[in-house]
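So that you can tell them apart, the chains are marked A, B, C and D in the order they are listed, and the count of residues begins at 1 in each.
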């Protein structure tokens, strides 16, 4: 039984997910699309056999042939489509962020807990990356003793023109914010933002930044955020334990000896680095919906990420250590 | 339009390909299975929605609902199923070897050239491995100058009890035999087998061996074949060019610092190392059949591998350098 | 003309330097020794051909046959021997710290500037390590653009029983404090100490710690200080520039493939890691004294390290970012 | 008691050893020099305090102030100076080769065994390299089981104009010939030379070559000899055992991330790669002579290397596997 998916928002990421569902993965099909730009939606629909065009997300959600919804539209619109999906009792995969305000996240929390079952999955794909998973297995397996610290780097070669200073938290470090909650199975208690010397590659932007995250247990995470570092897209992470450390491996398909150097390759961008993680993320989502298995990152995860991001933004503005105030976790999310 | 596949032979590798086609990849379905062990075939068929059971491979091939055939049966039976598929005008994916004798390969060559179009693909999955592909791109891109040598290691932690001395060539090094033909786009001219000191891990078996392959252009390839080396499954390759070298990268998902060491992981077995290559191999085969694109390793490749393997076996017996006598390549295969 | 050296303090480090001067390096000899423990001094003197025993450091310094003094005694006594050496107009190599209080350092500064020429070198041996030197060349050569951050780790497998919480700064991180001043040719403006989750390996000790150092230009340095991490002695450093990064290489004499892992070695302790740096440090000191060349780390460097260490200790106590107040640099030290 | 050394032959390598003895190492001095080019000898003597100039090697050897002789002259002259040193009862360090013919080596063997004690050390410096020593310790320690094979690469970026085809054996691979005898504590039984495709970088020269060495126990060694490979000087070695492998580590002082690559450095030439080994080689030689300790590579080692080299040259000419005929080892050399 094929899972019939409707996709709301068919920009770059939406189109990539359609390609993934229709040409790469097993067990699902795209049967409906829509977009705020209807011409674009029509073009995309024309390229997918059997995909119907809808003029609104709400119409798509209401379509009886749609078993599950994928939301890749502009962040401001996530709330309405997720709420409508919950209302229709349909599973919904929502690209990050879950919503753009704390209040919006809380409305979604409230709707889903009201429905009494999980319908929402948020698109934190790092949890599906083979290297992060292997790292988490090592950390949780005890090889290095209790984890005490984690050093992360999140480096982009460049960022688009619309990237603002807040983006360093809400677009970039938000991946690490979710990742460490999952890595250590605990919440973030406080954040601080440190400001190093400024790169001239970033123009007006303060780049790089360092985000400090203090976990509930006291684990201290530092995240270097460098978004104009030219040389490549470089995601690293090393967990420091009592007796040793464990780090993400560095994968390069080839090693070249040339001109005085032995060189491995760095990924050019996030697509190259995480394409496998996106594939696994969607295959596991499809499999979970088809077989009744467990869903991935939840509304609660999206909400927690929003709360921590807000604290980090406040820390950035104030220059002060800023506690994270998270309400207690509802039962639906393992609270 | 889904590609409907029939699978002949549902042992370990056949079942794995069924899993791949039905649960991992896009665009194909398994609609028929058979096996010399009908009970096993029935059990497997029961686990795949809509898969019919056939009592013979020939019956499966004749089934109108079968668009394409996958042959994973015992090597001795490959010839008959491949010939029957060609006769039926159906595309057939045949696990290596294409056939177990030179004469059988020649009968397949003759049948396919007689049919006037390519129907057969042989299962040399290394051509689909990301690292080998990146290596080939570097070699052919000229970064290291003309290629002059290639050093390969093919190491298995252990081999099953039925592994005989000939298996080092026909089961193990045959992967390198195909790989270097593809890596350098040329044929192998001669082979030699060298005999190092014997490992006590291999019992009666002469293990390790070194296989030398001389390419038409003079490129010299050495292949270390160690099949009881305990520590892991380790496939390495370094192409030595005039100005530098390029090697397969070494991928480990995590790097651990513990007990005086910084350690990366080695794959445990070929499944772990090449699972991604098998996925790509089948997805590209499915895509090629659905869209009319180009097929992968051909009957000619399977035939050439057989001829070179026979020369290597002769070299092993005689201790002498043994030339490879390959007829001219038919037009159908780019001759 | 051999440089005749007198050594004050012949504990472990003093004996190691005597071995170095008499058995490893060229151009110097040890002609006099003393120690607060005269029995130990006598035993050591007996093992060195031509080495006279002195009952006090002052007597050793006054010995006409002594061309230059090496001070390896207890930190509290450094000031008196360095001052006496300056007073006698003799070059003196003083193991770190230069002195144990800011005031003592200032008295030495005052004495040396009064003498009008450099006589003192302080034992910061990292400046002589081949990897740190190569790193500094890359950083100053511009390959990575302006330096913006530096990530350091300083990991010890264990520490002796007398190690107190202040030691994390004054014994451990003081190496990084000197190193970054030299790496970037600028002073440290402020320090902060962060407190991660505590390792159970350290007993009562707060271990690990993170020391933040803000350079005058804004370069932000973070130093992980883990002193009971069991797995080895691991000194790492990565400078993050605008366009790339440069890090200390990881040197292992062998790479072993065994039991599922590819492993490199980590140094067991600081002796193994820095033995080469100590050799270069003393050979260059000897050469400078014999040929009139330039000395290494100066009284000013020892003083600055003391000021920064005091600020870091204050930061540790208060939990606050603590500015470093450094007077202007005297002309003698390139001010 | 300083060891007074006389140096015969003060070309590049002779001058480097003089620098080493007088400015780097401990316990020795250069008191006499000579050279076939007396003007050069005079210039060098003028630069070394207390070094006398001699007009012949024989005169230098006879000089009573000379405790030990270092022979760095042209290979053809090694025999006469080594024999004269033995005749004078003086220790002599002879740069490789011990002599240029088998007969000359045998005359030296005969003279030294006649003298009844070891006086000669041959300059095979790889035995003093930290990485090779660590590798040998691992191999002999049993971690990888019995050694079965060794893969070596000996790569030079370029070679001087006087390099002839025989040089690949006598100047280049001779280092591996000595090294494997020492690595495995056994002799070489046979050699074969393989001829890969020819690099255009080497002009008329057949470059690269592969030298196969079969040890007495059956261990099979392959040595890639590439002497115009441009990218750097790259010495690698991996010993394949029954249960794992051990390889020379790859040391780079810095790791740079720039322009899409993570890069380590390759040595530029043999000086950079082996400078430390030369220092250790001479310091241990000096220490052995001063303290009566054991000498390094012997006349027997030099002789065995000559015999194997001759077999390899014969193998190169004939294209055939060529056995090595080595007489039994005299008692003086542990026979």
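To be clear about the criterion, a contact is a pair of C-beta atoms (placed from the backbone, for glycine too) under 8 Å apart; a residue touches a chain by one contact, two chains touch by 3 or more.
Note that this is a predicted model, so its numbers are computed, not measured.
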item	value
Most widely separated chain from chain B, with each centre as the mean of CA atoms	C
Pair with more cross-chain C-beta pairs in contact, given A-D and A-B	A-B
Intercentroid distance (Cα basis), chain C paired with chain A, Å	45
Rounded Å distance between chain A and chain D, as computed from the means of their C-alpha atoms	58
Geometric centre distance via CA averages, chain B-chain A, whole Å	38
Residues within chain D bordering two or more other chains	230-231, 243-245, 250, 252, 257-259, 264-265
Touching residues (chain side chain B, partner chain A) in the complex	22-27, 130-131, 133-135, 138, 143-144, 243-259, 264-265, 283, 287
Touching residues (chain side chain B, partner chain C) in the complex	230-232, 234, 250, 252, 257-266, 268
Chain D-facing residues of chain B, complex	145-149, 151, 194-201, 208, 210, 212, 215, 217-220, 222, 224, 226, 228-231, 240, 242-245
